[in-house]
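Before we start, here is the structure in question, set down as structure tokens.
Labels for the chains are A, B, C, D, E, F, G and H, by order of writing; each one numbers its residues from 1.
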Amino acid sequence: MNKSDIEKLLQAVKSNEIDVEEAVKKIEEVPFEDLGFAKIDNYRELRTGYPEVIYCDGKTVEQVKDIIQFMLTKDNNILATRASEEMYDAVKELCSDAKYNKLGRTITIKRHEYRTTESYIAIVSAGTSDMAVVEEAAETAEIFGNRVEKIVDVGVAGIHRLFAKLDIIRGAKVVIVVAGMEGALASVIGGLVNKPVIAVPTSVGYGANFGGVAALLSMINSCANGISVVNIDNGYGAAYNASLINKL
Amino acid sequence: MNKSDIEKLLQAVKSNEIDVEEAVKKIEEVPFEDLGFAKIDNYRELRTGYPEVIYCDGKTVEQVKDIIQFMLTKDNNILATRASEEMYDAVKELCSDAKYNKLGRTITIKRHEYRTTESYIAIVSAGTSDMAVVEEAAETAEIFGNRVEKIVDVGVAGIHRLFAKLDIIRGAKVVIVVAGMEGALASVIGGLVNKPVIAVPTSVGYGANFGGVAALLSMINSCANGISVVNIDNGYGAAYNASLINKL
Amino acid sequence: MNKSDIEKLLQAVKSNEIDVEEAVKKIEEVPFEDLGFAKIDNYRELRTGYPEVIYCDGKTVEQVKDIIQFMLTKDNNILATRASEEMYDAVKELCSDAKYNKLGRTITIKRHEYRTTESYIAIVSAGTSDMAVVEEAAETAEIFGNRVEKIVDVGVAGIHRLFAKLDIIRGAKVVIVVAGMEGALASVIGGLVNKPVIAVPTSVGYGANFGGVAALLSMINSCANGISVVNIDNGYGAAYNASLINKL
Amino acid sequence: MNKSDIEKLLQAVKSNEIDVEEAVKKIEEVPFEDLGFAKIDNYRELRTGYPEVIYCDGKTVEQVKDIIQFMLTKDNNILATRASEEMYDAVKELCSDAKYNKLGRTITIKRHEYRTTESYIAIVSAGTSDMAVVEEAAETAEIFGNRVEKIVDVGVAGIHRLFAKLDIIRGAKVVIVVAGMEGALASVIGGLVNKPVIAVPTSVGYGANFGGVAALLSMINSCANGISVVNIDNGYGAAYNASLINKL
Amino acid sequence: MNKSDIEKLLQAVKSNEIDVEEAVKKIEEVPFEDLGFAKIDNYRELRTGYPEVIYCDGKTVEQVKDIIQFMLTKDNNILATRASEEMYDAVKELCSDAKYNKLGRTITIKRHEYRTTESYIAIVSAGTSDMAVVEEAAETAEIFGNRVEKIVDVGVAGIHRLFAKLDIIRGAKVVIVVAGMEGALASVIGGLVNKPVIAVPTSVGYGANFGGVAALLSMINSCANGISVVNIDNGYGAAYNASLINKL
Amino acid sequence: MNKSDIEKLLQAVKSNEIDVEEAVKKIEEVPFEDLGFAKIDNYRELRTGYPEVIYCDGKTVEQVKDIIQFMLTKDNNILATRASEEMYDAVKELCSDAKYNKLGRTITIKRHEYRTTESYIAIVSAGTSDMAVVEEAAETAEIFGNRVEKIVDVGVAGIHRLFAKLDIIRGAKVVIVVAGMEGALASVIGGLVNKPVIAVPTSVGYGANFGGVAALLSMINSCANGISVVNIDNGYGAAYNASLINKL
Amino acid sequence: MNKSDIEKLLQAVKSNEIDVEEAVKKIEEVPFEDLGFAKIDNYRELRTGYPEVIYCDGKTVEQVKDIIQFMLTKDNNILATRASEEMYDAVKELCSDAKYNKLGRTITIKRHEYRTTESYIAIVSAGTSDMAVVEEAAETAEIFGNRVEKIVDVGVAGIHRLFAKLDIIRGAKVVIVVAGMEGALASVIGGLVNKPVIAVPTSVGYGANFGGVAALLSMINSCANGISVVNIDNGYGAAYNASLINKL
Amino acid sequence: MNKSDIEKLLQAVKSNEIDVEEAVKKIEEVPFEDLGFAKIDNYRELRTGYPEVIYCDGKTVEQVKDIIQFMLTKDNNILATRASEEMYDAVKELCSDAKYNKLGRTITIKRHEYRTTESYIAIVSAGTSDMAVVEEAAETAEIFGNRVEKIVDVGVAGIHRLFAKLDIIRGAKVVIVVAGMEGALASVIGGLVNKPVIAVPTSVGYGANFGGVAALLSMINSCANGISVVNIDNGYGAAYNASLINKL
């Protein structure tokens, strides 16, 4: 029941088309969720260019296919994360231009153009083992309409390589640091740039990294200011967050 | 050794005022740190209006007093965090207009005006027990030149109070959520606003909250997008981070 | 040795059919477990309509089949939890009307009607990934004779959907909340309803949820009153507990 | 804006006392919280006899005194938990009939009679060291209008004492088990009674009990059905929950 | 209701002094606890020479004094563990021959002689910092009637000192090993003796020993056979256990 | 170099068959390990009837076969723990009378008779899921020459079954309690018997049992005296320990 | 831009071959990374005989093959750790003299001789289950040019075997101790030798060893001086570290 | 019983001054520890210049004073760690030239000169809060006869300060890195120097550093080679270890 609906109702009361008692009931009956829908909107759909997102982990191939089939009717861009190759094969039957990022395990379907930001998100990581999370973050950031720069071979064990790329990192509006064994990377970058840094611990590693907990603790405790942390392996969440900042 | 220094040196070589060998040595000797100093600047000092910051925990009253005495010579604004009342008493001897926020345990000294942003940082918390962290964050954000709105009585146990303040929260450019027993608050706000949310777990609580770990885990695992997390009780870090975002 | 057995024995003593010494021995010999059986009864069997229950995890297909074959001789309803499809196939050979809930991994066999309560148990969860536990809880609650209402798409990230279903949740006599990544859901519901809430953390999720520990801690620490917690993924236990309450 | 307010407004529209545009605005402006207040009520105040509750931990004596002074104006019963003796002394100045339970650290002020249930809550614990939590639970349950039976010297190390009290425990409508070193007690009772059991782990103990974590895990893993768990030392929460069940 | 009671009852039935109905009721009414009391005896009191034990931690001086005053009436030996000096002073007023072991924090009162075993319990520890637990164990073992040999300066860092005492350790019937930083000591002794070894981790140490958890894990994981573990700092429990074995 | 060797050497010195210098050298040269070998003997081999033991986990089928082939040459009894069926098949080729306990995963080969103790070890567990550890413990205890009584269906959830078997448990010289979900069982038995109790936590279970940690903590914290704990699932270690005690 | 480059540039300025402005620019343009490269060199390549190293875990067979193909062009020795047999098969196609250590999971390719140290690294472990880490350490140490002595059957459970090998261990310049279940071994050796000891916890074991955490804690807490610890299972890291020390 | 003792004994046998039987007994009786003492020497005392060390934590002032009084009789240098000021006051009464390092909490007493190494140990830390551990390490290293260079203001948050000191750090023979909040510092230095690095996590910090565990994990997981770790706050152990390496 939007503004014009209310207006019509009141006009009908005024013109005696509808009596007061009935009108009271109609206003009272405005379902909570509808009113809620206006105020507590699911904002994603309201802004052109935002994709529909599906988290595939724990879903069957069939379920993923059905959800995407439904999403396709709405003609939005689509992002599927944690998607297996088998899922991609099923989705390709629905939509031949779907793309798969094997490393990042994302399926992307573009249905309309979106304006990409001029400012960019820098995604920094130390080595090849963190690439899956980097790719998930990059695919997410891009389909949300952000320019992305990846700097992926810059660990603290060979810190001169990091310095060589410092200008690119400093040029970003927001920086994502992805690291598993080398949680220190977030601290070092936090000390070198003057931008918000979103740190993503990864579960890659062995021994006492405890599936990413060591990296998470290292990042959460970092002395360098301007660092905040998202969940282990959560490349999507980091990119979503970075996108919010990049578009401010 | 900046550009004009190098120019002068080369002119001296050209004009034979200095011989080549000596000039080679001078260039070679450019201390790493100086070159570094230009590129890897300690950016804080470069921007007028940024305060000097001192973290008092683990320092003696005497040490805090000495550091602040030195800072006062530079005529910058000053923020001291985790400061005891005893420290404040010592500082007031140096500087009678120093202010103390007893709850937030901050000392602030303003030496010059700074421009405050129009956009604001919302700092949200559930109850009175998280107020110390809220105050630390607020004092930090303000002396860094940010407008701040505090919304401090909005827990999920009485969610209608949160909804009553939703417009203020949604109006912010970035939101800080401070919560100890009620890590859920970050999730709920993350689902209701379309802005970056920085969550600060607090160590307040009893039983199985483990000094803030339960809140930290709850926040890190939050499904709602746009949330990132800083260290337990780190109101300063949250505000520093929010300030970076608010000024983008 | 029940009351009438004792009566008969005493009558026999009185009528000298049996002498005192022998009677003393008979009474003394009442095995502890029999006496116990009367007082410390395994109450389940005493009330018509309660099912026999078998926890299949860690048992072989053969063992499950044997146990159910024995149970069938007692003509009670039967519930098997954590049952694989293979187990179901084996059971169906014994009993063609056995039903399998694939998602909830339960086998149910109904041998007689049971009265279902008028009051109902609401089972609430945030998303599709917690459905296995929801189904286990629902199957359990139903075969124990409870009316059940499932509300399964109401996460805090889109809280308006939860409010739209609030009347159904509030109408329940007891509420089960099932959540993995979104332990916050229990807190929010605990703040909105005036009924006992049984929270079930689930092991679904990734990163720092640690197989459900994060959800468990979040729920245990919830400020909202009226919440208590059962073991991770223990849909059966939650339903058993809710059934006890619903039938009060 | 309640039903009659809406009715009056519509009558005003009908009689042209107010024009449509203004009425639309008034209806639109219905503050969220007001609507919310009707639906998402803070139910406690709505039912006569429920006390006002204040959690004193982390508050100053002054704050506690101020809050209670305000509460006294509403003429409700009052319960303060985690209250120090110093707080009690301050409260007694306001209200000479305030009572203090030193062990349970509660202050209670009764302003009107409340009907006590016939059914009762049994509160069971093993030894003297868990008495503080038992007392907090008992005071809470009583001021919420429940009959309470305490059985406090029944550990599994001397299980015959437990059996001697079994009839009292079995006669309760709901059972609270409080245990620190002896988490086993909840399992044993859960196996002996056919009522909901709310287990409260306590932080009492030494060595590897880790401030109650061992008891919590023991209780959460209990095989016996019908057990659910609240936070460590949370006697108040257990009693609140038990009260909800006892009054069904 | 023992055998002769039953006999009397049956005789009364036979002689019509009591009618059957009443007799049935009497037999039915045999209180559970009484039957239980015969079978499930609290064995400690049954054997002469065993002391009364009181665990003082968490009790007030007044409570400890009252309990011991009561115990003294039974004329048994008495052991109080975790007793403060203040408690000892209070106890000495009741009983001038009470003894205090300051390091072990035990009070002992001997009221009658007990026979001490010929076989002995060896209590081994590495250094001075574990002495408190050694003393608690030794006092306990002695008042339970065991011969005790203490070997307290034998860490693995200077393993030759351990070998010098090996004959004494090997001569024991059961060995208690007390260690905090040096959990390895239990493994080494387990490999050198052919007797049951009871390991007591202690909370002494710094850094990553986590209040004894590191020692506990080290001991629990020990490869050497014949080792079992009791709770951190639980010298009493180790001695109680060793006493059971020593007296076999 | 044993006593008679030394004697012979000295006789040779006395009779001038060997000169002093050479004799000094011989005595000095006694290799540390040999002297050690006499004092620090690997006691197992010294007592007839003790089996050779092999821990198969982490070894290949080939390695296990080779080791057992070598062991067979010594004509001792042999026990292999954590052995797969495939390993058993390989061993049977070497030795047709090898026996396999499928549940306990042990291979046993008896080469000579051993005297079995009259006193027995009771092995108690709650349910079918802990049977693997029970069987490992039983096979170990038996081949070490102990009489064993298994009582395997006695959980605290149906405590009357435990009481029915109490006499058998109390009759043992030492009791092993095996429990995963129901760590409480050890406490209850510890309170009912007057013998050393060795508790084995098992990794069986789900949810927050954390691979046996919950059971381990529950057992370690048990109030009942006389309980000590071995590693999770370590049926072998418990039996080895119990055997040491049973043979005292 | 090295010294002679600068000299030439300055000569060119002096001789007017190049004007000052251009020279300034050249000096300014010295890329950070190049300067960095000189000072912050990746030292490994600078010393003849050091191998190229590749960590294979988490890489595909194809990736490993490509990297090694590239490495082969540089004609250095090559070490691949955590390599599967499948990887080895692929590498052998490129280079028929590649060697595979199946237990240690290393591939080594020797392209030129290197001088081996006279001093040696002792690698000590308790049993067969830690052999994989021992082999990784040994292969690493050898291809880095160190003499290695392995002592692999010396656990504390049979400590005389350790003493028999003590001279070899004491003769080393640095000692690596590899242990999983028997973290005590590091303490014992630390007490017996006067050389730096590098302890490697391994993830081998069961029950409460928690994938090596128990061993790690045991080693970190060791009282014996001279011990430091590397990551769980990190044989490579221990050997790298030992090599640095052995070559001092 | 040393070589000449044995010789004398054999001469006595030869000359019939003592008979064979008695001689056998004497040789047999050679106490284990004496033989052991020769081989398993407590090496510290054997080398001139090594100090006596006393760990004061957990000792009383009286005990520390007594131990040092005894040590003084041996005329060695003395190091006391974790010493309170009160302890120092007591020691100064014994020995007026004792020195106290208030920050490092060490007492040192020099009784003779020792040769200091030419090579040095670099001790690096990030900030003022880690100074206590730095000082403990420095005092230890110096009294063990090592040259020490402290570089204490070089955190990764301002990495240019670290680079300015890189030459000093690289010039050391072995490097100690002390860090609490900034575990990353060890990784960065490990990547920049080609020497063994001993990392000391410190317990300084707040929030999720868990008394140094976060730093410990960060250091243990460091990718950079050449790093090993000692216990939290164990400056003494790091220095002892570094001294062993520095003197190779």
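Everything that follows uses one rule, which is that contacts are C-beta pairs under 8 Å (C-beta built on N, C-alpha and C of every residue); 3 or more make two chains touch, one makes a residue touch a chain.
Quick caveat, the model's predicted, so the values are computed rather than measured.
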{"item": "Minimum number of chain-to-chain touching steps separating chain A from chain G", "value": "1"}
{"item": "Graph distance between chain C and chain H, where chains that touch are linked", "value": "2"}
{"item": "Chain E against chain C, contact positions shared by both copies (same if over half, else different)", "value": "same"}
{"item": "Intercentroid distance (Cα basis), chain E paired with chain A, Å", "value": "60"}
{"item": "Centre-to-centre distance between chain C and chain A (centres being mean Cα positions), rounded to whole Å", "value": "39"}
{"item": "Geometric centre distance via CA averages, chain D-chain C, whole Å", "value": "26"}
{"item": "Where chain H touches two or more other chains, by residue", "value": "32, 39-40, 158-159, 166, 192, 207-208, 213, 216, 220-221, 225, 231"}
{"item": "Pairs of chains in contact (touch as defined earlier), listed by label", "value": "A-B, A-C, A-D, A-G, A-H, B-C, B-D, B-G, B-H, C-D, C-E, C-F, D-E, D-F, E-F, E-G, E-H, F-G, F-H, G-H"}
{"item": "Touching residues (chain side chain B, partner chain C) in the complex", "value": "126-127, 155-159, 181-188, 190-192, 205, 207-210, 213-215, 217-218, 220-225"}
{"item": "Touching residues on chain D, where the partner in the complex is chain C", "value": "39-40, 43, 166, 173, 192, 194-196, 198, 216, 220-221, 225-232, 237-238, 240-241, 244-245, 248"}
{"item": "List of chain E residues in touch with chain C within their complex", "value": "3, 6-7, 10-11, 13-14, 16, 20-21, 23-24, 27-28, 32, 35, 39"}
{"item": "Complex interface listing, chain G residues touching chain A", "value": "31-33, 36-37, 40, 42, 57-59, 63, 203, 212-213, 216, 231-234"}
{"item": "In the complex with chain G, residue positions of chain A that touch it", "value": "128-129, 158-161, 163-164, 166, 204, 206-208"}
